[in-house]
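Okay, so here's the structure we're looking at.
Chain IDs A, B and C follow the sequence of writing; residue 1 opens each chain.
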Amino acid sequence: MNHRDAHAVARPIGLRKPCALSGESKAMVITHRHEISTSGQGDAHDITPVVKRVVGESRVRDGLATAFVIGSTAGITTIEFEPGAVHDLDVVFEDLAPRAGAYRHHLRWGDDNGSSHVRAALLGPSVTVPFKDGELLLGTWQQIALFEFDTQPRRREVIVQVFGE
Amino acid sequence: MNHRDAHAVARPIGLRKPCALSGESKAMVITHRHEISTSGQGDAHDITPVVKRVVGESRVRDGLATAFVIGSTAGITTIEFEPGAVHDLDVVFEDLAPRAGAYRHHLRWGDDNGSSHVRAALLGPSVTVPFKDGELLLGTWQQIALFEFDTQPRRREVIVQVFGE
Amino acid sequence: MNHRDAHAVARPIGLRKPCALSGESKAMVITHRHEISTSGQGDAHDITPVVKRVVGESRVRDGLATAFVIGSTAGITTIEFEPGAVHDLDVVFEDLAPRAGAYRHHLRWGDDNGSSHVRAALLGPSVTVPFKDGELLLGTWQQIALFEFDTQPRRREVIVQVFGE
């Protein structure tokens, strides 16, 4: 049995492009870093175009795109990225973990960003979006957004990792 | 060195099934779409059977299954899927982002679903569950659940993507 | 065309290590189980060292590491793992879903852990962290943490799955 035969036998009906023995389709991982300057708590950025670009340039057709923010005072989720909805989420975070609240974290470092840590832990640092035929499977009104929670401007590093074949 | 030798050399001790040169195990990605009709805010659906079926039919043995809901007014997480716990979560969301609250998002589109956007962004659109030997590594009382947050019935599209070998 | 040629042709410029035909780089998935004893609600564990070790021992260079907790009364996120920030998050959870609150889940099983289920569903069971050149792309003050929400001590099983090449 040669390799082409092995491949033909192994490819289950209905499955897409297993890691092939030809050069045509292979599991790949591509990792990009992207920097974003933020103005501090309440700032948000639509990073969908960045993720789309990494997927588009990757030649990976089907897979998962993960956007992950380095640091413990920012978060990533999906949202309809319009100023109203972004503001509404900010209001709920202020209600949940008020910026002017008393936090034990402040006692440790003399910081003032206890609210930032709590909000970031709740939202989480990343979102994972499937894509197919090179297109992110997002809704029309669903964007990938970075939320800055820190109390001062930050230079954020967002990792975009594309995994697929 | 033939291909079989290359594989033998490369396979680290203790690692499982690297992307093989034989037809036996290969990295693969399988993407399914699944539609669910919901009755609006407060509705929830156990989608564990759907994810299990995609994993089972995939012939992928070890990997990650991601369930991702398209749209910005629904979310996915894991929960013990019984009516009490689902209701309890709904009560907390109503406390966090009341349906009848004032949202800037309403001003933009004349919509009434500002609470839906906030809840969905907080919960997140997806969950990723590892599986091994074809079995999702969930607890007995841990299900994958879709939560509808929109204020009207919706037809939801859930992407189930299986990645592994 | 031999396999080496196929590989050379297929490797897109700028892409990293596609699933190779040589033994040097291959898509792989490694799944580890790790057990952690917790003392009940309010307890938290820094599991970054566990995830690092699985990545380090895997020989996978670039990819995603997922930490997933089995069960519906615990959660995983990233946080600056110092007692102050961990306490602050606990305070917000107690505000969101008080331990002594009335939960419908209690009526079902005679349990007292309705708050645990709500908190766990909100936080989510997993976090996914990209790594490159064998290093998790976390910030210096960003750790992967397991939060116990159950009202009694538990023996937790955390799945660490490494996916990459």
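Brief remarks on what is shown
To be clear about the criterion, a residue touches a chain if its C-beta (ideal position, glycine included) is under 8 Å from a C-beta of that chain, and two chains touch if they have at least 3 such contacts.
All figures in this text were calculated on a predicted structure; none of them were measured in a lab.
Superposing the C-alpha atoms of subunit A onto subunit C requires a rotation of 120 degrees, rounded to the nearest 5. Subunit A and subunit B touch with mostly distinct residues; of the residue numbers seen at this interface, under half occur in both copies. The distance from the centre of subunit A to the centre of subunit B, each centre being the mean of the chain's C-alpha atoms, comes to 15 Å.
Multi-chain contact residues of subunit B (touching two or more other chains): 3, 19, 21, 27, 64, 96, 122, 124, 128, 163, 165. Only residues 3, 19, 21-24, 26-31, 57-59, 64, 66, 68, 70-72, 96-97, 103-108, 114, 117-118, 120-122, 124-126, 128, 159, 161, 163, 165 of subunit B touch subunit A when the two sit together in their complex.
Across the complex, subunit B meets subunit C through its residues 3, 6-12, 14-21, 27, 62-64, 77-80, 82-85, 87-89, 92, 95-96, 122-124, 127-130, 132, 137-139, 141-143, 145, 163-165.
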